[in-house]
Structure formats: C-alpha cells, structure tokens
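All chains are identified by letter, namely A, B, C and D, in their written order; residue positions are counted from 1 within each chain.
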Amino acid sequence: MIYYSRSGNTRQMAQLITEAMNQAGLKTDCKSVSEVKADEVLDYDAIVIGSPTYYGQMAASLKKLIDDMVKWHGKLDGKVGAAFSSSANIAGGNETTILGIIEAMLINGMIVQGDPQGDHYGPVSINEPDARVIEQCRRRGQRIAKLTLKLFP
Amino acid sequence: MIYYSRSGNTRQMAQLITEAMNQAGLKTDCKSVSEVKADEVLDYDAIVIGSPTYYGQMAASLKKLIDDMVKWHGKLDGKVGAAFSSSANIAGGNETTILGIIEAMLINGMIVQGDPQGDHYGPVSINEPDARVIEQCRRRGQRIAKLTLKLFP
Amino acid sequence: MIYYSRSGNTRQMAQLITEAMNQAGLKTDCKSVSEVKADEVLDYDAIVIGSPTYYGQMAASLKKLIDDMVKWHGKLDGKVGAAFSSSANIAGGNETTILGIIEAMLINGMIVQGDPQGDHYGPVSINEPDARVIEQCRRRGQRIAKLTLKLFP
Amino acid sequence: MIYYSRSGNTRQMAQLITEAMNQAGLKTDCKSVSEVKADEVLDYDAIVIGSPTYYGQMAASLKKLIDDMVKWHGKLDGKVGAAFSSSANIAGGNETTILGIIEAMLINGMIVQGDPQGDHYGPVSINEPDARVIEQCRRRGQRIAKLTLKLFP
C-alpha cells in the first residue's frame, strides 16, 4: 500500500483499505511514497496505490516512483494491483486519476479487478472520507485480499 | 444538443444546458437521439451530447449515431463539442462516459473546452440533478455558447 | 471470445487468440456478436471482446450487448476479461477502444491483466494482422488462458 | 511548446511542430521542461506539451510542472492546448499519455482540438520520427496555429 497525501484524506483511505486487507488475512504494510524505496516494491504480491486527484492524474511524486521502477520492468508481471483517490469535486478527475494508475499497472503486466458495486474502478472520496467511502474502502480491501490470496495461496 | 435518457435525469440536464446556451445568445435545439437524423447534425456549429453512464461509456444508441456518421467523416472538423452524463454513483463511470464522447469528438476534429471549476470534463449528475448540478449545467451552457460564438461569429 | 468484424481483421485476431487459448488448455469458443445471446455469456470463466476502432470506442453492436447484460449485473464478478482491437491508423483510437471495453469489464467486477511486452492493454492490429500482431495475439491468448486456469482450476 | 525528451525523439517532434506553428504565423518558442519556469507559461496563448510514453502517462517531470501550476489555477482558462508523444511500441500507452495531458488541460479550462486524419488525439512517433510522423507533426502544428489565431487574433 503506497500513498501520497497532503491533507490526510488519501492517507485515511489507505489506512482503511490496509486494515481491511489485514483483517481478510493478507499481511499488508501501509507507507507514504516518501518512505518507499523502489526495490522493496518487488517483495509484495499486491500493490495498492492511492493519490489525490491532481489535474486528473496521480501526483508527480507517485509518477516518479513508477517511472523509476522501469529498471525492473517485467518483474511486477502477475502481481495484483489496485488504486484509489481523494478529490475535491465530484467529476473532478478522480476516475481518470485511478485509471491512470491502473494503466501503469497493466503496462507492468499486473492483474486488476473492478467492483460491480459503488466505486467501480477504485474507491473515491470527495474531500474527507464519509460513511459511504469508509464502506467502499473496507469492501475494496477485502476484495483485493481475496484475489491476492487466490493467486498467491 | 443530443441526449439519450430513460429515467429523465439526462433529459433534465440537456434542457438546463440548452436553456443556458439560448440565453447566452446561441440558438440551440434539444433533441432525443431517437429524433435525430444523422445528416441534420451537420447543420450545427456546436454539438453537445449527453448520456447516462452505462458501463462507463455512452449508451449504445448514441454510439450507433456516432458510428453512422462515419459517412460524413471530416465534416465535423472545427465544430465545437461538449458532453455530460447522469450516473447512479459517484465514481461510477461518469468521467469515462464523458471522455468517451469527447474522444469521439476529437476524432472528428472537433474543439472541446474543459472548465477549471467543478465538473471539469463535463457536468455530471448523481441521480436527479440537485442545486450543484443545475449550476454546473448553466455554467457549462454559457461557456459552450461563448466559445461557439467566438469561433462562429 | 466475442468479436465484431466487418473487414475481417478483428475476426482474424479473434481466431488467433482463441487458438492460443485452446492450445494453452482452456476450451474456448469464438463467436461474432451477432451469434451471441446475452445469457450464454454467463457460462464462461473468461470473456474476451474484440472490436474495430470506431471513433475511439467499441462498435455500437458490442456496446449494445454490454448494455443488455445489465439485467445480470454482478454475475460476471470475478470472471477474467480481456480486449483487443483492429484499427486503420497508429494512434487512431485503438488504445481508448480497448480501455473502453476494459472499463466495462471492471464495472462488472471482472479481472483484467496487462502485458509488460508489446501491446500492453491488449493486442492492436493496424489494418491486416502482420507478424507482430500474430505474435501479440498468440502471446495474449496464452496469458489469458494461464490466468483463467489459475483462478478457475 | 514544452517537452521532455531523453532519446531525442520527443524533442524532434517538438521542433517539427514548433516550426509548423511559426510558419503558420504563430510565434512559438520551443523549450525543454527543465528550462520552463511555471510562471512564464501564463504568457502564451497556446501550450503544447510533448512527452515520451512512460507507463501510459506523461513523464513525472512534466506532471510536476502541471502540479506546480496549481497556484495559478484558472489562469489558463480559454488558452489552446495540444499534446504529442513518442513511444517504443504501437499500442504501448501513447494514446493514454496524450489523453492524460489533454485531461490536465481540460481541467485548466483549456481548448483542445482533435484531427479527423491520422493521429487523432495528437501526433505519435513509434521510436524515431519517420515520414508519416513528420507529416503528422507539420499538420498538427498548422492546425494548432490556425485555431489559436482564430481565438486570439
């Protein structure tokens, strides 16, 4: 679980998803992008990335981590990926932020699952997480854990 | 202004945007996709398309109209385009629905403008339009009219 | 495997991917969208959809099938999905066509994997499949089969 | 004209588009992102951004410039925007790279036009620019200049 957060909203979502993943039986760490070294990403079976919605795409510091990982291109093939975002507005670029992260994951050969309920591509909070968002984060964490444990028993 | 609406939410948005465009001095018609003949689309300087969010893309009946217009490919070059959507959920595929329409417009050579405030790519209603959506539709209608009158004085 | 094809290029890709899936041990049928009944889609563990690039999105007839499947919304949750496209031009809307299909799959809760080599989101043919495309289709078919057999042993 | 280039392919495209814009009567500067100060962007009527395709989105250094410009949010409203990309592969993420830039432009309220011929969203070079790409860059430069001169006579 890697996130960038300035206001704390994205961090709060990261913690909720991490908690749900741990509860579902998948040991999960939760780190700010500034704490992540590019090579330790390879140790995980699932990578979840959260970003505030900055001009419809992930924050530059997260994009830098992804660009830096090019030296291990191919090594994330088959790992599970997921994304989420916090945003100031409904329709403010949150879906494109999540899909930008998902696209980078697909280019790495990663495996991504949607959700037929609610925030289909990944959880979105409009400003601070409310009851709806908390539920979406819990649900998503469980789903990510379930898929990961199926693929990496 | 071309829309598809089953519940009436997209139609209501279409009417709000049309009204704002007319008030801003751009004579605008508002038609359901079932009333539109592909050749009459060529008569307009601006084309605004609204769709409910169906699996993250415009409704099939709108896509059919766009596919059918291939016989006039190139004739929409330089016209103004804009899009909007109504959706059941926040983060439910509304941005990708709007962007799918915008992508089809760009492929036709059309001119599209975003909005630095609120619903950046195009107005989105979560279920029935509320005060926020009404304001976004009015604002967007004015902006579309302003750009169109600048390009087609 | 569901495809729409007018010129035959998308059909040829569909056959190549189907063949590779069968060879990799996953029994796979290959059908034109006109032969597919919406309810039989539920019988499969993996669904692969191919479309020509029409205005940056899947052909209307494929979108209609997806829209029609709303009556079983939730029943594709956990199935494997993949997409491919044939296009007239490089940068002619083929990636957005594939991603539009992938977005619909994610909204259904489906599981999608990218490829770290070549056509990352899904195979793309510029006009008739050449040696590069044939290789991409074979490779993708193998990968889809491998993931499906892992999830549905 | 702002670009990031490591191999020189994106720079070559930038120079071709700049040349065509100047020839079409719009005085255009061509700068690497490392030479651009965020405040000077405000002086231009049109902003064209080129990036290599890095994991399906613009390079982190370009995203950083866009993120940094948030302090002038709203001041790009009504300016003309365009994007282009160089990529290692067909279907290698070049369209999503261009659309990611266009999305950021729309969020700034900018005006973007597609092209009904060739590389619809923006010019794409697969590796070094060939005759096709040179023609696409020239054509795009002329179109950007024409639209800008119409909006800012």
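By definition in this document, a contact is a pair of C-beta atoms (placed from the backbone, for glycine too) under 8 Å apart; a residue touches a chain by one contact, two chains touch by 3 or more.
Keep in mind the model is a prediction, meaning the values are calculated, not measured.
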{"item": "Chains contacting each of chain C and chain D, listed by label", "value": "A, B"}
{"item": "Homomeric contact chain A-chain B: same or different residue positions, threshold half", "value": "same"}
{"item": "Distance from chain C to chain A - Cα centre to Cα centre, in angstrom", "value": "25"}
{"item": "Distance between the centres, which are taken as Cα means, of chain B and chain A, whole angstrom", "value": "31"}
{"item": "Between chain A and chain D, centroid-to-centroid distance (C-alpha), Å", "value": "29"}
{"item": "Where chain C touches two or more other chains, by residue", "value": "56, 92-93, 96, 99, 103, 106-108, 120-121"}
{"item": "Of chain A, residues touching chain D in the complex", "value": "54-61, 63-64, 66-67, 70, 92-93, 96, 100, 103-104, 106-108"}
{"item": "Chain D to chain C touching residues, read off their complex", "value": "56, 89-96, 98-99, 118-124, 126, 132"}
{"item": "Residues of chain B touching chain D in the complex", "value": "73-74, 76-78, 99, 102-103, 105-117, 120-121, 147, 150-151"}
